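Per-chain residue numbering starts at 1, and chain names A, B, C, D and E are given in the order in which the chains are listed.
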Amino acid sequence: DLNVPALNYRTGPYAPSGIPYADGFSDYMTLLNERDGGVGGERINVMECETAYNTQKGVECYEALKGENPLVFIPQSTGITYQLIPKASADGIPVHSMAYGRTSAVNGKVFEWVFIMPGTYWDAASMMVKYAMEQEGGSLEGKKIALVYHNSAYGKEPIRTLEELSKKHGYTLTQLAVDHPGQEQKSQWLQIRRERPDYVFMWGWGVMNSVAIQEAANIRFPMDKFIGVWWSGSEADVLPAGAGADGYKSITWHKPGADFPAYEQIKTLVHDKGKAAGDGTTIGEVGYNRGVYAAVIVTEAIKAAQEATGKSNITAADMRDAYETLTITAERWAEIGLPEFAQPLQASCADHGAPHMGAIQQWNASEKTWTLVSDFMTPDEEVVGPLIEEDSMAYAAENNITPRTCE
Amino acid sequence: MTDAALAEAKAAAAVATTDAELSADPAPGEPLLRVSNIEVIYNHVILVLKGVSLTVPKGGITALLGGNGAGKTTTLKAISGLLKSERGEVTKGRILYRGRDVAAGDPAELVKSGVIQVMEGRHCFEHLTVEENLMTGAYTRTGGRAEIARDLEMVYTYFPRLKERRSSLAGYTSGGEQQMCAIGRALMSRPETVLLDEPSMGLAPQLVEQIFEIVKSINEKEGVSFLLAEQNTNVALRYAHYGYILESGRVVMDGEAKALRENQDVKEFYLGMSDQGRKSFREVRSYRRRKRWLS
Amino acid sequence: MSIHAAEAASDDVAYASQEEAHGIEPRRIGGTVMEMKNITLRFGGVTAIKDISFDIKEHEIRAIIGPNGAGKSSMLNVINGFYHPQEGEIWFRGAKRGPMKPYEIAQQGIARTFQNIALFKGMTTLDNIMTGRMTMMKTNFWQQAMWWGSAQREEVEHRRRVEEIIDFLEIQAIRKTPVGRLPYGLQKRVELGRALAAEPKLLLLDEPMAGMNVEEKEDMCRFILDVNDEFGTTIALIEHDMGVVMDIADRVVVLDYGRKIGDGTPEEVRANQDVIDAYLGVSHD
Amino acid sequence: MSAEFLYTIEVILNGLLTGVMYSLVALGFVLIFKASGIFNYSQGVMALFAALTLVGFQDGQVPFAELINAVLGTEIHGFGWEMPTILAILCALAVMLLFAILVERIILKHLVNQEPIILFMATIGLAYFLEGFGDLMWGSDIKALDLGLPQGGSFWIEDMTVSWAAEDSGFYGMYIDKLDLIAAGVAVALVVALTAFSQYTRIGRALRAVADDHQAALSVGISLRFIWVVTWAIAGFVALVAGSMWGAKSGVQFSLSLIALKALPVLMLGGFTSIPGAIVGGLIIGVGEKLFEFAIGPMVGGATENWFAYVLALIFLVFRPQGLFGDKIIERV
Amino acid sequence: MLYREAGDYKTSYVDDAQTFPIAFDRWRYYVVLVVAFAIIPVFISDYMAKSVMIPFLVFCIAAMGLNILTGYCGQVSLGTGGFMAVGAYASYKLMTAFPELNIFFVVLLSGGITAAVGALFGLPSLRIKGFYLAVATLAAQFFLVWLFNKVPWFFNYSATGQITAPPRSVFGVDVTGPEVPAWGAYLFCAVFVFLLAWLMRNLTRGRVGRQWMAIRDMDIAAEIIGVNPLRTKLSAFAVSSFYVGIAGALFFSVYLGAAEPTEAFGINQSFLVLFMIIIGGLGSIFGCFAGAAFMIMMPVLLKNLMVDGMGWPTTIATHFEFVIVGALIVAFLILEPHGLAQLWRLMKEKLRLWPFPH
């Protein structure tokens, strides 16, 4: 058996986001076990550990599971990721913080054991600006962008990028912090109403998202100019606002919906057999698809590791090597029953965050569906690259790490 | 009382306690409340009452005397059911009121059936005005407003001082005023039996007399029974009909109030009289008394 | 007898003779320790004390009596600085007292007991009495934190004094009992112990004998008289038991409705018609 | 009128209305504190639980579905019907009444005459319990609550006020949230009714007596058990109101229980024992925090509301330690 | 009758005032010390250290701190999380600004800095009392967390505001950073717990402790008999914050290794510590340990029991964990409102009488 820990949060304040993810992750693994007998002949053993999105519990999960030959930790929380980066690096277990966590950890030269596929918050910020620019006919000169963010490490992530970009593109940036949990945002939205920004970006989390969307609807802010980061764009965020949320956008790195062959198989081979991880109602939700995405990355890496080492029972170190050279082509996506589900990717020693691509999706409140409304975009390397270099080198200096060269 | 007589009385009391059935509707003079051989433990470890028995006849004034820590308050609380809220427990014995066992009952039920306690240490509701305090006494009453208002007036005539302070918060009144308020509050419930715990404490001498006069008149006019724990033995025995003396959790002596007053020990320890008459408090330095019944 | 007459009668000779009447050597009653001048205290609409003046002499036992709500406790509260009178002056040991906090006044040597027992319920008898000595403990915070050495030495020294008080009050058996569990009478005794532990110059007792039977009152009287004799402590005492007041007080001041209606030796006060009307009623003993 | 000025007015008005939303939660605290001297930490969780129950009934959810499915291996999720709102509210009320009875039976009965902090602690235990229990019963996913209450800015007010500022000043008209207006109405009605109840009725007087001294209350025949059931039931009702108002805003899910934290400064400022205090406190806190965020917030990086509310309350307390309308703290010896 | 005091006579006041006057207690105490310092370090596993022992020790310290303030001085505080944050950020700033400074002193200094901050926030306690004060301390909680989140100087201008503890060692053994051996971190914390418990005992057995307790039990009477309320309350706030600051420093540097204020030092932390001291017993050192053990170990135990032992789904297990912990808190309070420490005392009293019932 291959042990894959899953630090899920099905309880606590963020449970609405955690549940579909956990379902998707486990369901896909179950599918592989049921359909193929696992990967390379080894069944995947998902070791669920409940964190409630709480750092302390996350650490406890890590300590409890690290002795059981885990292949990779997916911490499911920026806070926990920060705890695990030094620990897991010392213990030799890869950490896959999927589009969250420490952005500069994308630099594989410094963070050998940390992976961020499919991209970073800074990528997201840059792509959102790019999208806005396209909408405005190529220029943001003189435009106003407001950032509504969760007043925490996570929420503050995009600020530096957005500031850099504002210099480059000439828009003005207004920052509006919302304190945890964010049930009350009247001041922020009154200010937005007053200043009438052209775009509102949101780095929100939990109840803050749904309240913000509700408030935006209340002040009749044009919803198609309101764009959330990927963690602010799931069903749990838009449903409470009902019809008001119609037209709300968010960035994402995979396609929405359940219209994939693999999902059919999940329904027949997993759900219908009573092996669903949850109650089976979350399939096709944004969170669910993210769970599936994470599971695909993990299993593809396992497969690659098995191929590279020639043995089926791989170790965490093999897993790391496989992550670093992970390749998933468009054909491969189709092969595993998820055609065009997400972008092909090719990781490398220096770049732990491939493919760095995202697209914008939009919510249709009457049909309760998300649809992609843009092509997949790439971030502005010119701006993001140096920021990453700077931040990761600072970390290296603080912690006496000599970066690899990655020849 | 001679030793022999005392033993006889005790035996009689013992017989009476085995007689479990009390009349539910006793005639005046018959037992209304009977405590048989109760044991009380606080906090599961501190044994305070070691088998106390006593009887309160209907229409009688019964005094419960004894030194500090003898267990008077504990006995009263055991009867009124307030022990539970102090983590105390009646572990043995029975308490019968009108033939009904009340040891495990709800204190509020007991008040409804006519037994009210005036607690030691005043216990007024600080944030309520004096008048509101008095009105809470009428909480269990179902009679009309007019009747309650009449009783309120009655309490005010008993204690004119309260009338003056009627609208000030009870927490700001003086010790004695609070004591009056507590007693008045109990009277407001139109009780059938009153458990009075140290009513005279902190009251001016004049008022002490007055309170006992009130007790007496209510007792005589309305047939209300009283069980009063009192340190002021002198006054208590003058007004009571029957008395029990409690000493470290046991009844050491009981008898008609008159008889007790004549008892040498009682005279000496509780009334401050010696063979030569009343002693001055100045002379106490030169002697220490020894209690005979403890040896 | 009018108020003025009562005041006029209050000279030393008067109670020297009273002492003799009781067959005890006269104590050295000295000069005025504390003087209250025209004190007026109001709470909103209520005037608890109206323009009262009286004094307390060294080594004497001064009783304050009066009906309920007369303002006796308030007067003690004024003396130890818990209430601040709107008008009037307080002179202590020859100096006029400025605005002071209660704890500063305590440090000057005024200790008291309370009408509604105010012991520290969570502490044992020993600890309660030890708190009485707080004002005399000199080791600083750091020495306390280290304990071994000066703090411990000091503790033992004070413990010795406290044990003397415990012996004196005959409460050895309850030394380590949390005071919350003690019966009322013993609590009063512990409270007296706590006040005594401060070795006060002036001791204020608010109804120390309420809720006691004769035997216990006798004990309490003995303690009070002994303290007064042995340590020469000046005592101001509120008490409703006239027997006690008449027997042990040197001078009595009588309050009624916040006004002073009598002041003088027990005999004088007892004979004062105002006092009889307002307070004593008909005497029964 | 200048737009700046109008914006300030707008902020103040919205602050007032937000404050009323806080008051709704604070009222529950006040009720229980006033009536039994218990600082009920679980009030927030009660609001969550009440709202969950309401939605659960509305949507025809099967209680404990997850648990049942896990134990029996079944696949049940809902009854498949939807309850009319009124009926659902009544059912939720019944549940809250049952809850009050159980709290009294199981917890409070055994804690008569304990120190306030012990009772406080017990309510924390209760909060823990209820948090887990609510999730077990109704699941921890987010639920939209639709009571048919209007939300969003009132066009009528906007249209009316838009002309107050100069044409080109960029003023849109006053923004007033309709839901807030409704909440304000409800809150005022509650305050009036509850004040009358506690001040002028026999039971109201008994409530206050219990808060002062459990033992003495028992000794005059006030049945603590009855009083406690009554107050907890009323507090449960208030929790339901608060829970559904806030739930309509943000969806019903765990974070709803955290609104208690917004109610605490209100409580402190108004006084723990004063029902009208809850409203006045709410208004002051609401305006204060909004104005501070509006005027000072941008200079210090924003997100000041959480702490500023507390600091504001603290400043008031230094001058009035019992809050604006709280019962006097009686200090006597 | 194993447990007795008969025959155990004290002939001096020093003996009479010692911490464990009963010989049996004294022996048990020595055994505990030997186990804690000689046996556990040898056998401790990473999991035991990181999930159970270190958080337990750290919260013991925090609980001692809060117990000084709440249990001994009667001032209820809900600002513990905020003060822990002060300790954590102080230690972070000290560690990065003075890399040469030994971590032991870093932790102590962090405590000192927190003490100063704590005393400052204790000022309103002179006017504000009871639950009003408790709620008022939330101002400290929210303000401090906001401050550490907003002012970049505190997190050395890092992009996200996360702080990470650099590796530091004592006598050549790492106690912070990623390569810490389980026993090293454990012992480091254990030494602090031992020293601070000793200090707490000293402070509470003498004048200072009595002043605190006097204020707690009846502040007006205390003032009238000569206790300066301002000094006493502030000293309690300062000492308490000193402990809490040390706990915060250890929590961040030894236990978590990295932190951001909103989550690690949120209000939940304040409540957790308050639970500990109430469940454990206000005004008791033993209670701090008992309470911390209960609140830290109970959930871990329950989780292991339900998830690993009985194979329940994690969600249901977590919900049940809440239900059970809540029910246990209530049950303990009903059983003995004065906490585990009082339960323990009563047990001892019964043991002394055993086999007689009274």
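Operating definition for what follows: contacts are C-beta pairs under 8 Å (C-beta built on N, C-alpha and C of every residue); 3 or more make two chains touch, one makes a residue touch a chain.
Going by UniProt, the chains are B = Amino acid/amide ABC transporter ATP-binding protein 2, HAAT family; C = Amino acid/amide ABC transporter ATP-binding protein 1, HAAT family; D = Amino acid/amide ABC transporter membrane protein 1, HAAT family; E = Amino acid/amide ABC transporter membrane protein 2, HAAT family.
None of these values were measured; they are calculated from a predicted model.
Asks: Just to be sure I understand the contacts, which chains border both subunit B and subunit A?
Replies: Correct list: D, E.
Asks: By the touch criterion stated at the start, how many steps lie between subunit C and subunit E on the shortest route?
Replies: Contact-graph shortest path, subunit C to subunit E, evaluates to 1.
Asks: Would you kindly say which chain has the C-alpha centre located farthest from the C-alpha centre of subunit C?
Replies: A
Asks: Across the interfaces B-D and C-D, which one involves more C-beta pairs in contact?
Replies: Between the chain pairs B-D and C-D, B-D carries more contacts.
Asks: Compared with subunit B, which chain's mean CA position is the farthest off?
Replies: For subunit B, the chain whose C-alpha mean is farthest off is A.
Asks: For subunit A and subunit E, let me know how many angstrom lie between their CA-based centres, rounded off.
Replies: 37
Asks: Need the CA-centroid distance for the pair subunit D / subunit E, whole Å please.
Replies: 32
Asks: How many angstrom lie between the CA centroids of subunit B and subunit E, rounded to a whole number?
Replies: The computed centroid separation for subunit B versus subunit E comes out at 48 Å.
Asks: Which subunit A residues sit where two or more other chains touch them?
Replies: 10-11, 151, 179
Asks: Using the touch definition from the top, which residues of subunit D touch two or more other chains?
Replies: 66, 135, 140, 301, 303, 306, 332-333, in rising order.
Asks: Counting only residues that touch at least 2 other chains, which ones in subunit E make the list?
Replies: Within subunit E, residues 146, 149, 220-221, 224, 313, 315, 318-319 contact more than one other chain.
Asks: Going by the touch definition at the top, which pairs of chains touch each other?
Replies: A-D, A-E, B-C, B-D, B-E, C-D, C-E, D-E
Asks: Within the complex, which stretch of subunit E touches subunit B?
Replies: 346, 349-350, 353, 358
Asks: What does subunit C use to touch subunit B in their complex?
Replies: It is residues 22, 24, 43, 46, 66-70, 73-74, 115-116, 181-186, 207, 210-219, 221-222, 225-226, 240-244, 247-248, 279-281, 284-285 of subunit C that touch subunit B.
Asks: Give every residue of subunit B touching subunit D within the complex, in rising order.
Replies: Within the complex, subunit B contacts subunit D at residues 80-82, 84-86, 106-112, 116-119, 123-128, 132-133, 135-137, 139-140, 169, 171-172, 185-186, 189.
Asks: Using the touch definition from the top, list the residues of subunit D that touch subunit E in their complex.
Replies: Those in contact with subunit E are residues 39, 66-67, 70, 106-107, 110-111, 114-118, 120-122, 124-133, 135-136, 140, 261, 264-265, 267-268, 272, 300-301, 303-304, 306-307, 310-311, 313-314, 317-318, 321-323, 329, 331-333.
Asks: Quick check: in the complex, which residue numbers of subunit C touch subunit D?
Replies: Against subunit D, the touching part of subunit C is residues 77, 82, 114-116, 118.
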